[in-house]
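Residue numbering begins at 1 within each chain, and the chains themselves are lettered A, B, C and D in the order written.
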Amino acid sequence: MKDLLAVAMLLSIYGLLSASFFVAMDAVDVAFTEASVGAGISTLLMLVAISMTGRAEHPSRHKPLLALAVVIVTGSLLIYGTLDMPYFGSAEAPIHQHIAPRYINDSMQEIGVPNIVTSVLASYRAFDTFGEVVVIFTAGMGVLALLSVVRRSPVDIAKIVLFNDAMHERHLILRIVTKIMIPFILLFAFYVQFHGDFGPGGGFQAGVIFASAIFVYTMLFGMNTARRVINQSFIQVLAAIGVLLYGCVGVVSLFNGKKFFDYSALAIDPVAGQHLGILFIELGVGLTVASVMVIIFFNFAGRNETPRNSDKQDL
Amino acid sequence: MSLSLESMLQFSIILPLLATIGIVATGHKPNLREAVTITTSLVVLYFVISLYQGLQQGESISVYWGELLPGLKISFSIEPLGMLFALIASFLWLITTVYAIGYMRGHHEQNQTRFYSCFAIAISSVMGIAFADNLFTLFIFYEVLTLSTYPLVTHAGTEDAKKGGRVYLGILLSTSILFFLLAIISTWFVAGTLDFKQGGVFAPDVNPLVAGTILVLFIFGIGKAAIMPFHRWLPAAMVAPTPVSALLHAVAVVKAGVFTVLKVCVFIFGIDLLAILPSTQFLLYLAGASVLLASLVAMRQDNLKARLAYSTVSQLGYITMGALMATSAGVVGGSMHIATHAFGKITLFFCAGAILVAAHKSEISQMRSLGRQMPITMIAFFIASLSIIGLPPTGGTWSKWYLLMGTLESEQFILMCILIISSLLNIAYLLPIPFHAFFSGDKSSTPDSGIKEAPLPSLIALSITTVGCVILFVYPQPLYDLAKAILAT
Amino acid sequence: MFIGLYNYWVVIVLMMVGFYIVIAHGNLIKKIVGLSIFQTSVFIFYISMAKVDGGSAPILADEINQYSNPLPQVLILTAIVVGIATTALALALAVRIKEAYGSIEEDEIQKQDNLD
Amino acid sequence: MIVHLPILQVIIPLMAAPLCLLLTRPRLAWLFSLIASGLAFLISGMLLQQVMTSGTIIYEMGGWEAPWGIEYRIDQLNALLLLIISALSTIVLFAAETSIHKEIPADKHTLFYVLYLLSLAAMLGIVATGDAFNVFVFLEISSLSAYALIALGQDRRALWASYQYLIMGTIGATFILIGIGLMYQMTGTLNMYDLSIRLPEVAQTRTVFTAFAFVIVGICLKLAMFPLHLWLPNAYAYAPSIVTAFFAATATKVAIYLLIRFTFSVFGLSFSFTHLPLQLLFVTLGLVGVFVASTAAIYQTNVKHLFAYSSIAQIGYMIVGFSISTAAGLTATLLHLFNHALMKGALFLALGAVMYRIGSTQLSNFQGLGRQMPVTMAAIVIGGLSLIGVPLTVGFVSKWYLVLAVIENGWWPVAVLILAGSLLAIVYVWRIVEVAYFKPALAGTETIQEAPLSFLIPVWTLVIANIYFGIDTRLSVQVAQAASQSLFGVSP
């Protein structure tokens, strides 16, 4: 496959397929996420990147034999490793015996949230999730550090406006459909955000959906219109606030004499405290994810329309 | 002065270091700078002499600074061998400083401040080596000495100097890290201590193979003793200014090497153990070979300093041999030779430097009939040569005598022959120089080329050391007592 | 044995396909795609571990008493986020490399580097 | 607040990062990061003291006890690492403001501090945590911030280096993820302590063997252990100087920590070293690494490259000490960990100062620097001597312990090779010395001045630490011994 565009589309299909596989494996939350990430965001980013780097691949391959050897060794080692593994789906496997039972049996009393994934994610292993938020924040900062462009001269901006704003004037249907769609997407995002306790969903998925609404808007109306609506530095602040919000929930419990992320410190009733805590941190996650996604997208897209020659300045 | 002997010991190490600061601070005023150096060396000499008197009165002096690693102490104490070394070094430092003032100014050297400050650091580490109470302390100062003399060797900053410095540092650091350090760690591992002890630290039932290997590591590792094949650094170091060659590469550095060898042989292995180790024989012959070969090489050098350097290599072989012979006469001879060779060789170098400054000559073939222009220098050269050869009326006679006794005592007749042959070689490569200078043929063809004696400070210095050579012959008793006491304490 | 483990083996094959793309291809974007496949396959591997025969999604309800293991799912949620973060950063790098070198082929970049 | 020290250690820099983003003025951001890092340093000191007096500290996140929740488990080993990382970070950060002024465009300064803090927090997090998956998460934070920081370098090759690092790093992380998954599969737990209890029951299975292999290979990729080191030299050479100083002093240490943690604590000594020919493999790779990397260092023309290769060589020493698998060997490795952080921190920071003044670290540009920047060059010389292992520097202390440990184990040839390796160090260090001191300054460089104080103070702090800990070894040796003995289950 030499056409990178096709490769990207196939990757998207692979993401979607694995998402459906996750559903079959009872992992609905993961499926939801994989669908929005693997099939959505990453494809989108891939496409933007390809539009900048060119879509043809050179046929050269280095040391395919060596690579093949490495891969075969690794693969055989893995297969060798599976030989002693418990069989697929077996309920006697250690993983189903050791820790998981407590999550399944007691989380209702301890956390009071029906979606076990959410309670594990947001309370038992809240620190991992905090780490996850920081990862995405780091990625946002990294992309910002790599791609953010220094302020352009007004002439350039004018050119870009001319170039960009053509799109939504030409495609009337698209414009109208999108305008109708966007509120619904946003609404759905909010639903996912706050419904995560009961069904699949949560801050991360909501954030991605929210961001995608903005992507759609941007794609149609052009970067500059979008920039006028959503200020760059404002989003950065939002991303930071999301992380801080998450962290502060932990800090508050610290000040109440409890351990970090011990939500029972947040209210008099421990279960109510857990509820409150999960609500806040999911909000933090959503905020950060949405704004980082927007940051990443804006920076990619913004890079794209910068006149090529002015890029050399920061090399 | 009401200083205790302990503090004197410490000050004789620290003071030169402090002087470095003074030298750097007064760097822009040469007279003041030299005054600092001379004052310091006087004070250090005074301290060392006081310590010597203390030792003679039978006081035991030791200082403990602290532990670097558990069990690895930095501590100092005084015993006869170290005392001997410290006395020579501190005395000759004073003399060399006097000489250097004349030489460095007469020769218009650059970077004199750096020169004097590195010199002071080097002396400080020599004192540290002399007084070290254990192998570990000794090793530290040994390395400091290597590093502090590197800038002296490369003083000129030319391509040659750089190359010389590379060889110098390369061999000294490599051997010390690769062999010496390994030997120390092995000793620590096998014996559990690194303290210098009369009779050695190894248990009597130690595996002779292991101990023998460690001995080889030591002898190779102490690169400063310039045993072949690790002698290349010494000729390479001759690119340095002459005072450096004189003090450091005839006295301080090389003597630190053989001093360490003696220390290791006597206080780590003990001569009893040494005598039965399988590798001792091998090393003895190696030292013997070193003596002979270096003498032969010296014959073929035309550069005076290079010839002297190879002569040093050969003389160092004597001392190593004395140490390895594992007899009391050998040890006595070896340690006396440290002193007598120091005086002899430093005089020779002083002369070489004087000739360089006054006549701008460094090759032996150019030195014919210099005797008339520089009579004092050439007479000094002659007397010092006698001392190196081991002929009366110079101190070298005694040390050679005891070394020969040592070979007899241990029935090493081959080594005895080597000693005698190399003495003959000494005659062959040293004496012709003053001989030609005075008696070389055609007087008419030497017009008054305006060559005069070297600057006064240099002359004073070389006269003092020459007198020293003679005094050691006439009055060897204190030296002999010190050397004898090494094995007695 | 074969029946019980084949599921894992399929996943391993997928993983190795991704891994091969990463190391054998010279195109930077292609490498990122490979990385993405590699990671996604590892996710599938984890999720397969969580499956319990006859279990259902781990959302508590009265009429169900057999659930699949929620923990691997939580881990993979995190891992997916890590994956997209890495992809985003890698793509950003690829874009910058294209701007700086004018190419996204490994050998051409190496050639340019060797020149200066 | 004392009970919360473990979490504060990580959370302070972690929360400081987004806060830093809110501060738009770079100078303010710098001060703020410096304070955050300094606080982390303070906490790590208190933690170390606490651990040394009262033993392992356990901190349960969210109040959920261990295998269910995530716990922080601080023993002597982590405490030492925490101290190294936060101390070096603080010292390096001190010079950051001046340095990045020259090397990074002004609009990215704030971002730089954000990423720096993230990277610091992530490393602390990796070290502090007692949960295997949490390690993976924080490993990714640290890697992502590292990629971005490296890519901030001026040269376009920084981008390429960063990309290569990204690919290698991600493969490594994914390998670790697979390994963790397999372990989890066999034991049902992710907590390291719990794993160490439950793994022996299933130690004979092929799955655990595979898990071990994947974790180790993954870590070695991150560690840049020979022969998986190819990404490191370029990444170090082209990153901004501050970043290089920070990573050289800390990043590989974290990977070594993981290696020790997984082989000794999680899988256990008997599994790691008796079931596999790991010992032989690691000794060989370690020594070959020492020689290949040192030789490569000799031929570099860029001083940053040179010291980067030297880092790989030093990693080889640590691997050798580690592979002896005795308490003494581990002590040597830990000591070298600490000491190497001091050396490389000082050296790379001094190179940063050179970069600041002459804008390059090519060896040919070092001509005459001995005169123009005497204080900086003196620091490089002392750092270099320490690298060689000259007495009175920290390098000697670690070499002493390493050789002693090797000899205790009866590996005489290895001892000789270790010492021979340091001869190569003499060569590459001395190349710099000769150029800097014996070559005349290049034309047109007469205006070069000594580096500003904001460089000299941190550089010399580290240099003095190099000497101080080379003379007074009580602290470092004591902690290293306590840590290694605790791993071997002997109470100190």
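Of note:
We adopt the following convention: a residue touches a chain if its C-beta (ideal position, glycine included) is under 8 Å from a C-beta of that chain, and two chains touch if they have at least 3 such contacts.
Keep in mind that what you see is a predicted model, and the values were worked out from it rather than measured.
Relative to the centroid of every protein C-alpha atom shown, the closest chain centre, again from C-alpha atoms, is found for D.
Across every pairing of chains, the maximum count of C-beta contacts belongs to A-C. The geometric centre of chain B is 70 Å away from that of chain C, both derived from CA atoms. The distance from the centre of chain A to the centre of chain D, each centre being the mean of the chain's C-alpha atoms, comes to 31 Å.
Spacing of chain C relative to chain D, judged by their CA centroids, is 28 angstrom.
For the pair chain A and chain B, the distance between mean C-alpha positions equals 74 Å.
Contacts with at least two other chains are made by residues 133, 137, 140, 144, 147-148, 151, 156, 178, 184-185, 190 of chain D. Of all residues in chain A, those that touch two or more other chains are 78, 82-83, 85, 93, 95-96, 99-100, 103, 125, 128, 131-132, 135, 138-139, 142, 146, 315. Those chain pairs judged to touch are A-C, A-D, B-D, C-D. Chain A contributes residues 4, 7-8, 11, 14-15, 18, 21-22, 25-30, 33-34, 37-38, 41-42, 45-46, 48-50, 52-54, 57-58, 60-64, 67-68, 70-72, 74-75, 78-79, 82-83, 85, 87-91, 93, 95-96, 99-100, 103-104, 107-108, 114-117, 120-121, 125, 128-129, 131-132, 135-136, 138-139, 142-143, 146-147, 198-200, 204, 289, 296, 299-300, 303, 308, 311-312, 315 to its touches with chain C in the complex.
Chain C meets chain D in the complex at residues 15, 19, 22, 28, 31, 35, 38-39, 42, 45-46, 49, 71-72, 75, 78-79, 82, 85-86, 89-90, 93-94, 96-97, 100-101, 109, 113. Only residues 66, 68-70, 72, 139-140, 143-144, 147, 154, 157, 161-162, 165-166, 169-170, 173-174, 177-178, 181-182, 185-186, 188-189 of chain B touch chain D when the two sit together in their complex.
Considering their complex, residues 385, 388-392, 397, 399-401, 403-404, 407-408, 415-416, 419-420, 422-423, 426-427, 430, 434, 437-438, 470-473, 477 of chain D touch chain B. Listing the residues of chain D that touch chain C in their complex gives 133, 136-137, 140, 144, 147-148, 151, 156-157, 159-160, 162-163, 166-167, 170-171, 174, 177-178, 181, 184-185, 190.
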